[in-house]
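Two complexes come next, and they have one chain in common, subunit A, joined by subunit B in the first and subunit C in the second.
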Partner chain A sequence: MRKRAVGKGIFALPYAAVCVIFVVFPLLLVVAYAFRAPEGGFSLSTLADVFTNPSNYISLLRTIGIALLATAICLLLAYPIAFILAASPFNKIAVLALLFVIPMWMNFMLRMFALQSILSMMGIANTFAAAIIGLVYDFFPFMLLPIYTSLVNLDRSYSEAADDLGAGAVTTFLRTTLPLSVPGILSGITMVFMPCFSAYAVTDVLGNSDTTLIGRKIAVLFDLQEWEAGSALSLVLLVLVMLTMLIGTLLQRRNKAKGSASAVPNAGGRLL
Partner chain B sequence: MNGKKLAFKIVGWAVLVIMLLVMYFPIAMVIGYSFSSAKAIGGSGHFTFAWYAGLIKDEALLDATVNTFVIGIVSGLIATVLGTVSAVGIYYLKRGRKSVMNAASQITVVNAEVVTAVGFYLLQLFLRDTLHLPVEEGMGWLIVAHTMITVPYVILAVTPRLSQLNPNLAEAGMDLGAGSVRTLFTVILPQLVKGMISGFALAFTLSLDDFVVTKFNKGDVSTISTYVYDGLKHSLNNSVRALSTIIFVAVLVIMILFNLFGSRKNAGATKKRKRKTPVSVAGDQ
Partner chain C sequence: MAEKVISRPADENAAKGISKFDKIIEVRSVTKVFDDVTVVDDMNLSVKRGDFVTLLGPSGCGKTTLLRMIAGFTTPTRGKIFLEGKDVTMLPPHKRPINTVFQKYALFPHLNVYKNIAFGLKLKKIPDVKRDRRTGEPLVDPKTGAHIDVLRKYTKEEIDAKVNRVLKLVGLEGYGHRDTVSLSGGQQQRVAIARALVLEPKVLLLDEPLGALDLKMRKEMQFELKKMHDELGITFIYVTHDQEEALTMSDKIVVISDGVIQQMGTPKKIYDEPANAFVANFIGESNILTGEMQEDYKVRFCGADFKCEDKGFGKNEKVDLVIRPEDIFIFADGAKKGQLKGAVTEVVFKGTYYEMNVATSEYEFTVQSTDSFAVGANVELMVKPDGIHIMKKMRTVNETITAVDGENTVDFHGGSFEFVNPDGLQKGDRVKVSVAFDKIELTDDERDGVIGGNIGQSLYKGNYYQVQVYTDDDDDIYVDTADEWDVDDRVGIVIKPEDLIVTKYDEPEDVVVDGGEQTEEEDA
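After this line comes the complex of A and B, so read on.
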């Protein structure tokens, strides 16, 4: 049995090779270019420029701010909606299809074109608000899906127990439902927050000069063939992504540990 | 208890309807105004097919559309083959190697898309300028890049099917003298077809939707995403309304057919399996 298992593992080899060439190596190239002077040779000045040149770090901070704002709005909208949808006796698959799959059918830029038309009709195109609306419109399903899934699959016996033991609706929600849906919330946050970093097309098309995201800056630098400066910004972005992932993983783990401590073993982890 | 359930049902319906209205209102407006002579959506005009007629003459937009579909279909097919074979390979790897490969396949999924896009651009520079390989931005390179960013999703779609496989069937294939490759093609793959189809659909949609990786690596080639993006920043021909409508309706029809066909085929497969191999049915439970 084992011997055969090894035999079939061979089929992973082509992908392993392709991954090294097209996924891992390009990341090393980004690092290499970030530490290169435009004239060639090693240099720290391009990377230092990210943190000393105000236009760079302001753009970076603005991107983080906009991503946080869009994520927060998505969460505040998605949680109650997911809660209501999960509590109502709907067909789970139909809800997911209607809210999640169908909007994905259409090209994202054509959806942005449609949204832009509506926002100009309302007279608010090319404003800060329009850019945020665009991000929320685009990423909302990614927040809704994990929260909805975690709420639908929730073990109801905890809430029922709380209810039986005399806790009010609010206490029951705060002490059982909310903690048990934390994994869904966390995964929703990562699924919205991180893609916001790259969603510069949305804020470009809908927003104004105050909503230019870091991705746009990198694109412009690459258009100008300033590969070193562009790579330096990309490297900082890469580190930010890794940090976000790390924080997310730590929070998930802590949540799981806390869950088992309060005798709710893995009820959350299983949902993801 | 019943009253509470009813209340949740009513509020649930209300929320669902409002959400659908908000989500589909912009698309519905575009579809409506694709038949209107109004210059801006929301303005007044008369009924016309002018934007559809204009679409036929708009070569740049048609080119972008064809490119989008060629890239989507070709990269989707390659990704489906590569992703399925890899999913099988990864599934049968030992624990340590398995987690390394799983992590590697998640890099592009987790990473900021801009960084992935930059990486592909730099790789193309490196292959051309340092290794003097005949690589350049454009169609071919976009197909490579789109394949790489969609393979992880095919793996995600196929892997759950693998864990439902009856291991006895592959064992039987091997016992009867088929080698690894033959077992893969004649025993394992036929059971994965459903996962492969949904993997392809996912890869195709993601490729169609992609903007950032395409923008960085397209060279002179345009896709719908990049064409509309440039148009929205400068001036956009109203034929885009007609294109949006056609694509929305086409995809709707394809999806409905796909679902009808898919469910019938699935029903047939179950029947056949029940008749021919009672072992596998028992194994499934």
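After this line comes the complex of A and C, so read on.
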């Protein structure tokens, strides 16, 4: 028994090594640098600078605002589409849902430059709107899929039961379908909000100075070899992302405890 | 001139609103076709107010589809459904005063027990008169002096009272705050029933509600459902494939097979006088065999003559007959009391009686008796006249509407069969083809047949087997054969040209294509 357990462990070693070298060690470095003064030695001033220097926290707040806005637009667009896709005449054609996913398989930068060309033809390249359009376009499938999955897997008998008990189409939707698809909505929000937070390439290519995200600022700092300031910002970003995830998980769990339809597979397992 | 009023019982009842023929639900010529498959075929059914009616049949027979049409979840392809004389065929479910208990309960998982039950109450509007907001006193229209009719919702207190009453009815007092997922199957079932009953529907539909429960729970719920029905006086329409459940609970059973109603009647009537071999086979255990009517009140089977209670058949007409295992009396050999001799082949003790198989020269009977005989013992069997139920043979020919597809050949379930063509039918002519069950030959090797097929089921009829063969074009045909075939065997089908009866077919206005074809269907 014991021998076998050891045997299995050995296979995990290379993975553990990769983890340590490429994940744990860099993370530790980020933490270490965040608590270091530029001239060396332990210091909280770099970290404090994130919250006291207006250029830092404004950038942070702007990032949160842009990510929230993009997430909200994604949700408003994705829910009706997911609903229509999951509704009876369409559900036989998963192909249609696939159409919304195919762009994800193309090279990311290629997509961005293609979108940039289209937006400049429309004369709105390098505007705030263009940046938001870029983010929505890029992350839309991540919102669509979980919602689509939760709706497709929803037992039809719930809406039939509501209909049977006297609810018309709208009431049936508001009282049963919508609350029962909350797990899908939550996982969609988490999956769009978090990457929006750090997706500075999109806004760099498509946006203007008003859409410079915290990610760009970190990149610049690292370019200038200001390791301490860059690490401090990275750490704050990391904590914020983790908090978002935590809130998402807690909401999901509360929902599940209330007995909603089972947790939705992350990216729409049914389709991919 | 004053007319003399003749008072008859029916009139008195009518005055009270309970006519003997008070039909609450009427299904008229309803047909439902799903993707070219006829699931419900021209059904007619009326349900009396207050009755407990069971739709009974094997899975896929169309009983659930019929229920769903009564509920409003599906609309019939043809035909109409009436509720209290009003056409409700196209009315959506939320506008019908009918509620359903779903097979898998369909309790809302995001709501607790109380909120599940209150769901419908919160939406319901009830007639009332306009009242003063503060005092609650009815207001009067100043012009007419009459009360003003309005619709209002239930108050919180009314909802509370109703939910608690119905929780008590189903034995779940104090469970209101519980999550539905934390309940056992039986409890969830009760909540589902409470949720439907609380709206005081005119008709309660139950779709195999006890299917997911274990045996003990099922028995208990059967009893309780029956009790609720008796107490509430609501009409119940109950769907099940469990014949025992149907026999215990119903006032009236509707036996359905292949989308067609086979028989309707009281449980006793259906058990004692099955209309055909299918019903006899489906309800209870029975010996089904073929006999020949000698004359009125006299039938011959297994090489012996028997007195019976049926008449009106043609002389020497072949008939199906049913003998229930408990109607056969068994005696030791030499008692000289029986009409048939046989040997016991199997004995099973069933708790209060023995069930034995007795092989006679032509048929193996199932017999129930409190006396047991050893396997191998020679015995005599006796059947009294009232133990023999005689039924007209159902179909004995396969019929299908098709077309001539060549010189003296006709398409029959996907193959070209030769036929005798005295009328000079031309290629492309629409024709009706019929072949008697016993004129079809099955071959071991599929390649020896014109078309191939799979054996569906085989029913022993005394001295031959009636075999159902699924053809590759998804139809089935019946074959009477002396050989025994195994289910799912591949066989070839051969028909002699002179046995194929081909007649020109003119399409009627409303085509009801039936015949040797009842298509496989999914349980919709």
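The rule we apply is simple: the second predicted complex is superposed on the first by the 237 of 272 C-alpha atoms of A that agree within 3 Å, B and C clash if a C-alpha of one lies under 4 Å from a C-alpha of the other, contacts with A are read in each partner's own complex, and residues count from 1 in each chain.
The criterion applied here is as follows: a residue touches a chain if its C-beta (ideal position, glycine included) is under 8 Å from a C-beta of that chain, and two chains touch if they have at least 3 such contacts.
Just so you know, these numbers come straight off a predicted model, no measurement behind them.
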item: Superposition on subunit A - do subunit B and subunit C clash or fit; value: fit
item: Superposed model, subunit A: greater residue contact from subunit B or subunit C; value: B
item: Touching partner for A:22 - first (subunit B), second (subunit C), both, neither; value: first
item: Which of subunit B and subunit C A:194 touches, first, second, both or neither; value: first
item: Partner chain(s) touched by A:107 [first = subunit B, second = subunit C, both, neither]; value: first
item: Subunit B versus subunit C as contact partner of A:165, first or second or both or neither; value: second
item: Partner chain in contact with A:226 - subunit B first, subunit C second, else both or neither; value: neither
item: Which of subunit B and subunit C A:157 touches, first, second, both or neither; value: second
item: Partner chain in contact with A:176 - subunit B first, subunit C second, else both or neither; value: second
item: Minimum distance between Cα atoms of subunit B and subunit C in the superposition (Å); value: 6
item: Contact residues common to both interfaces of subunit A (with subunit B and with subunit C); value: none
item: In the complex, subunit C residues that touch subunit A; value: 71-73, 92-94, 98-100, 102, 104, 106-110, 119-120, 123-124, 179-181, 195-196, 199
item: Complex interface listing, subunit B residues touching subunit A; value: 5, 8-9, 11-13, 15-16, 19-20, 23, 25-27, 29-30, 33, 40-42, 68, 82-83, 85-86, 88-94, 97, 101, 104-105, 107-108, 110-116, 118-123, 125-126, 144-145, 148, 151, 170-171, 174, 180, 183-184, 205, 208-209, 211-212, 215-216, 224-226, 228-229, 232-233, 236, 240, 243-244, 247-248, 251-252, 255
item: Subunit A residues within the subunit B interface of the complex; value: 1, 4-16, 18-19, 21-27, 29-30, 33, 81, 84-85, 87-90, 95, 98-99, 103-118, 120-121, 137, 194-195, 197-198, 200-201, 204-205, 214-215, 218-219, 222, 227, 230-231, 234, 237-238, 240-241, 245
item: Interface residues, subunit A side, partner subunit C - complex; value: 155, 157-158, 160-168, 171, 175-176, 179-180, 182, 258-261
